[in-house]
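Each structure below appears as structure tokens.
The two complexes that follow have chain A in common; it is paired with chain B in the first and with chain C in the second.
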Partner chain A sequence: MTVNSIYKEEKKSAFQKVFEVIITMASRPSGFIGLSILVFHIILAFISPYIAPYDFKAINPTLMLQAPSAEYWFGTDDLGRDVFTRTILGGRTALTITFFGSLIALLWGGLLGIFCGLVGGKIDDIVMRIVDAFLSIPWILAMLLIVSLLGTSTEVLIPALGFFYGKGIVRVARAATHDVIAKDFIVSARARGHSNFSIIWNEIIPNVRDAILVEGAMRWSWMLLGFSSLSFLGFGVSPPTPDWGLMISNARGLMSFAYWAVIAPIVGLSSLIIGINLTADAFAKALGIDRSTKAPV
Partner chain B sequence: MLFLIIKRILLGFITLFIVSLITFVGTEILPGDACTTYLERQAFGEQLEACYRRLGLNVPAYERYVSWAVNAIQGDFGYSLSGEMPIKEVLGPRIKNSLVLASAAIFIGIPIALILGIVTALWRDKLPDVAISTVTIFAMTIPEFISATLLILIIAIWLEWLPGIVIVPTDVSFFELLPNIILPVIAIAMIMTAHMARMVRSSVIQVMASEYVQMAILKGVPYWKMVFKHVLPNALLPAINVVALTIAWLLGGVVVTEVVFNYPGLGRLVIESISNRDLPTVQALAIILASIYVSINLLADLMTLMLNPRLKTLQIRK
Partner chain C sequence: MSDIIQKVKNLSIGFKSKKGEEILILKNISTKIKKGETVGIVGESGSGKSTLALAMMGYVKHGLYTIGGKCEFNSSNLLNMKSKDLEKIRGRKIAMIPQNAGQALTPNLKIGYQIDEALQLHSDLNEKEREKKISELLNKVRLPSPETIALRYPHELSGGQQQRVAVAMALAGTPDLLLLDEPTTGLDVTTQAHVLELLNFIAKDTGTSMVYVSHDLGAIAQVSDRIIVMYSGEIVLEGPSRDILKRPIHPYTHGLLKSIPKLSLAGLPESMPGSQPQPGIIQSGCSFFDRCNFSEDKCKNNSPQLEFLKELNTSVRCFNYEKLLKESQVNQNVNKIKNNSKDKEILNLSEVSISYAKQKLLDQIFNRISDDNPTVKDININIKKGETIALVGESGSGKSTILKSIAGLLRTKDGLIRFDQNRNLSSDLKERNPNDLRIIQLIFQNPDESLNPNHTVEEIIAQPLKLYFGLKGEELNKNIIDLLQKVRLGDFYMSRYPRQLSGGEKQRVAVARAFAAKPDIILCDEVTSALDVSVQAAVLNLLQQLKEDFGTTYIFVSHDLAVVRAISDRVAVLYQGRLCEVGPSNDVYKFPSHPYTEVLLGAVLEPDPDIKPKLVAEDIVEEKPPEKGCSFQGRCSRIVGDICKKEIPPWQLTDGGNAIRCHIPIKELQKEQF
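Up next is the complex of A and B:
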């Protein structure tokens, strides 16, 4: 076998690599369950406006708190709105906001972490102190303050969530960078006279990408949890937009006689969070990254 | 060793200093201030000036920061806007209530987590592990407000065993509080236990796979003697740090749980003060919660250091 043919075997298209990772993930039972739940929720988020049987904001006083029936599968809520319609629509806002939020978190957290890991010294010290300080403020206090002062529009929520969930990624990316930085190929790239930017782009990112992506996937499920908590507390999505956190908080007061209105969004939100969690776990295992000893920071 | 401890403590103080700067600057650059919120529509001209003078907002920001910080170190956080009473007096009973809740959850949670973690690790991939691990995944991924809501629905409403919502004044005595806190404690302990059990599990599995344990097995050391004498001491050491981080992380979750159960602790005060735009109280809360986080972490670091003779020499050589 010539050197050339070995090289060709190693070279796979990005699509093939992604496909292989997904196959590995789905080959474990937990990964398969997680992936199917996640795919189901994503498909549902796309098609739900077209399959929803009723108008999600149609208030009907004559239909208040109806028990589940053939007509209203999950019953109706305290304003006579169809719970089934609101439940299948309830994940769209949360999914969209947290997806873009995680992307922002990945980008700034990952790049800053890599930069700090590479540069080291004073700049690294200062940035890490600031990151530590932000980590020690409970996220919920900071998020609530921002949201209550700037409002709950998407333009506020996405950057704010992205910022507060990215600071943990800074640490992960920095640690991963420290692992590669001492390797010979970085030393030789420096010897060849490559700039910091070129080293980050060509040498470090391909090597720390997996660790950061896994962290980002995990952050996505935490961000979803955080976002729903905000909605639940009344600081997230504003009514009448259907959202699971908000639906649970509204229906909670009446759950002693209308439990269906609170059970449906609970099942929706829990299944999505568990789905993302299992997928992220399977993703980590498929890429050979052990997260089991990490604390939720 | 002593040098190392002092260094850790100093780093903790630097972190807190930065936190105080962040909260101060944060509340400063966000639109609106205490006076415009307090006066709402009447916030202009003479009245606004008077309010600024009364709250001391007419001096430059850095001067206000210094005087605020000096007072805060002495435990004086100034006056809350909504209640018109010293923040110190507002905080006192709240901190006590939250401490009761947290320590009850910790005392119940840690032993259960240890047992579950060790059982799942020793019977890895067998039935007990699969069953317990599935339950812990559910317990740790489901949001606090969902598990709390389900607890209320099932135990308080359907079974009618316990009160679902805490209806007591803030400064209630401990024994009056007791029956009310069972459900909140279960809700908090559940998530914490699940997190810790998983970490103990992976830590024990790692140690079980190490060479000296394999050697002990080959030498014929009895199984349980090996587990208790050789595996657990080494497996539980790294867990201390993680337990501390989990407790600290729960500070955020406690906010939601306290709101669900209407529990008069720090968490509900967070929501109340933010809803009322009571910025001085928010600042005080940020500092206090951050101090709790920093001191728990510091304590865990020091404990690991004390308990691990190897770490001492290693760190000093660095």
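Up next is the complex of A and C:
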């Protein structure tokens, strides 16, 4: 009897699984585009210091607001700095800060959500009402407050962003846990007398991991937008470090006659956000979770 | 011929796998349905029976497509019809009754409105006439006081009533053909018998043709004139229902009938080996070859064609049907189960009561439960070491609730659970020590839910071994292989995930996990009801074998009285969380018995057209147990008077050691009612 390959499936290593998921993602046009954009941005973030043609902080009053040319591909800004150099460097801080911010958000949001879903009862009620309360505060106000009290250093921004974007994950993780918790294998583990920790680690996390990771990927793009807004308002990266939010904020007044100075960072920022979004969607589809049926937050 | 209403011709339906291979769900099916006849389609899950039934109304499930052939209804092919034309046929000419009526009815519309909608679509009556028609339809499906039912919402009706409403809606368009997809599967035994009786009545009364799809030969036997047996997407046997059930000439049907436990025979039936090949497995030869007892060499490479035998009016797909023709009847061999229970008591429930009532604030503070009329009350059972005791009853009888309390998953309100004569088991899981937890293990109804989909078989079985015995490395591995062997699975299963196993294999893994803890008591919660009939007997046999090897005690919960009869030494009958009858199973299944036991036994459906269910009591569903008197007073047909409503009946002992809780004297109960 020859068994058809669809029913034959051996245990795979974690690496094989990740590889397979990436292949599935890339096999869709939207996933392929998203992944390529994201990978492009990540590579750029790594190599940009070595390929940047000019010094990003070299001010040259004689070269103010030059239009794009063979020498200055994206033109120069109001202080005569090369826009191309600043654009390719401008994503680094944002990507790093939001990447680690998302990890923190995933970690605390995911774990708290799973814990609440498992324990239920009063603890769950109290925690969820606190999360609801936080969700009702406009995040930008709270962020501005934190930043103005504690400063805009990376050590403040990463945990602050991580905290504010994690509260949405709490809800997703809790809902995903609720789906799993009623299943008999959890009841069975409880009846055997496993500890809460063991139930979370062995039984729940493997089953909610996908949903939480997808949510985390989505949060990453939101956080990037949020971080750039902070920079735009002057509370993110401090000058002269190149940053898209900051560049947009500086150059937006000159838009009518020096559009190049503002268009380059806008394209950089929006392409990265679109890239992450498409990747997260493809990721969800590759894992078999259709995000379109679930409301965000 | 004008009396043929539906003609299926060379129908093949399938899907494309990820690799682009065509995988067939239905393989070249041809059949005809005559006017006024009821055809039963029977098969295991995955045999393609539902796909065939849906194709008969021109519907192909999402993801599947028609590869060839046609379904002709009144000589027009439904499968290439435009959806506009199909709309005219569906509902008016062909109606469908779904499996789960509770989900098929819109929850926030009143019953009357929903039937009215069906009438507006499928008939040309005006408003007044429709109103009359609604109560007419509800009357026809024998719902009490149609006027009030029409004003209710679906959730206010019981499962059986919802199914009746679904029947009424299907009849609204006065269809010529009625398709029923497992219409009684989710219902209680008594309700099931009532619904089948209603369907029989409707078939006779309206002359509608019916196609009845089910995995349950017992239900099929009660309604159909003709039976189509499907296996692995093919018709393997088709013929008059009496012949098929009495003298099946296909080895699959033969084996299937042999493996179904019967009420009249105590002991475990023979099991059929193996399981149905999954669609997509390319195989030369007969699809039943691996499991067949009558196979020859030629069956391996040549696939038999469906052959029509004129003298029997039967079609069969087998080379060796003549061998079976000689066997006049299905001789069921049963392995009598050994009663290896010892006198030593292993578990004692005394005065146990369990309440689901929500605690009030004051009770929460004092950590107590106050409820005068708890869901489960006065449970006193002595369980001996090594015996199998079955708890039976309909849904809501509290049988699973009691199991949960024994496992410590649900707090008891009152009463003691005592293990091994002197050890009290706490009703709170957290207060039980690891050893208390180890001695009691659970096996669940649905192995899909009880095995973590992200764990391999190895990880699943390793859990109790690691937790209770701290095994590691080589030793752990050896133990897992050992356990897998005990449940007749090879060690190559270790690296598989549950989704790669069949239902029977999954349940075996669950059994292995339970035995891994070396428990004294195993709680079996409807362990076979999610399994196919052909697999059920194998799992029951395995459980019995393991019990004899290990001396384990089983507490077996089931709604299926035939299964209980096959495996248990003692039976406890529950109604509304109160015990009605406790005794050795031989005696419980004989008279005298409690009126409720009588109702349950009467409603059992057997795969034999000569044994009709006896419907004694109404299939009303009571939501709450009565506060005073006998728990069964609401449905009992033998009420003796006020005493039943006021006083809790006393326990009476019969000669066989059977305890019955009823006001009627034993001698009276001895008399059969029908």
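Everything that follows uses one rule, which is that the second predicted complex is superposed on the first by the 282 of 297 C-alpha atoms of A that agree within 3 Å, B and C clash if a C-alpha of one lies under 4 Å from a C-alpha of the other, contacts with A are read in each partner's own complex, and residues count from 1 in each chain.
We take it that a residue touches a chain if its C-beta (ideal position, glycine included) is under 8 Å from a C-beta of that chain, and two chains touch if they have at least 3 such contacts.
Since the model is a prediction, treat every value here as computed from it, not as a measurement.
In the superposition on chain A, A:148 makes contact with chain B only, while chain C stays out of contact range.
Residue contacts after overlaying the shared chain place A:133 against chain B, while chain C stays out of touching range. When the two structures are aligned on the shared chain, A:270 is found in touch with chain B, with no touch to chain C. In the overlay built on the shared chain, the residue A:238 is in contact with neither chain B nor chain C.
In the superposed model, A:256 makes contact with chain B only, not with chain C.
With both structures placed on the common chain, the touch criterion links A:183 to chain C but leaves chain B unconnected.
Once the two structures are superposed, chain B and chain C can be ranked by residues of chain A touched, with B on top. Chain A has no residue lying at the interface with chain B in one structure and with chain C in the other. Touching chain B in their complex are the following residues of chain A: 129-130, 132-142, 144-146, 148-150, 221, 225, 228-229, 232-233, 245, 248-249, 252, 255-256, 259, 262, 266, 269-270, 273-274, 277-278, 290, 292-297. Note for the complex: chain C touches chain A at residues 17-19, 21, 23, 277-278, 280-283, 290, 407-409, 429, 432, 434, 437-438, 440-442, 444-446, 449-456, 463-464, 467-468, 495-497, 500, 513, 517.
Of all residues in chain A, those touching chain C in their complex are 1-7, 9-11, 183-185, 187-194, 202-203, 206-207. Partner chain A is touched in their complex by these residues of chain B: 14-16, 18-19, 22-23, 26-27, 30-32, 137-138, 141-146, 149-150, 152-153, 157, 195, 198-199, 201-203, 206, 238, 241-242, 245-246, 248-249, 251-252, 255-256, 259-260, 270-271, 274-275, 277, 282, 285-286, 289-290, 293-294, 297.
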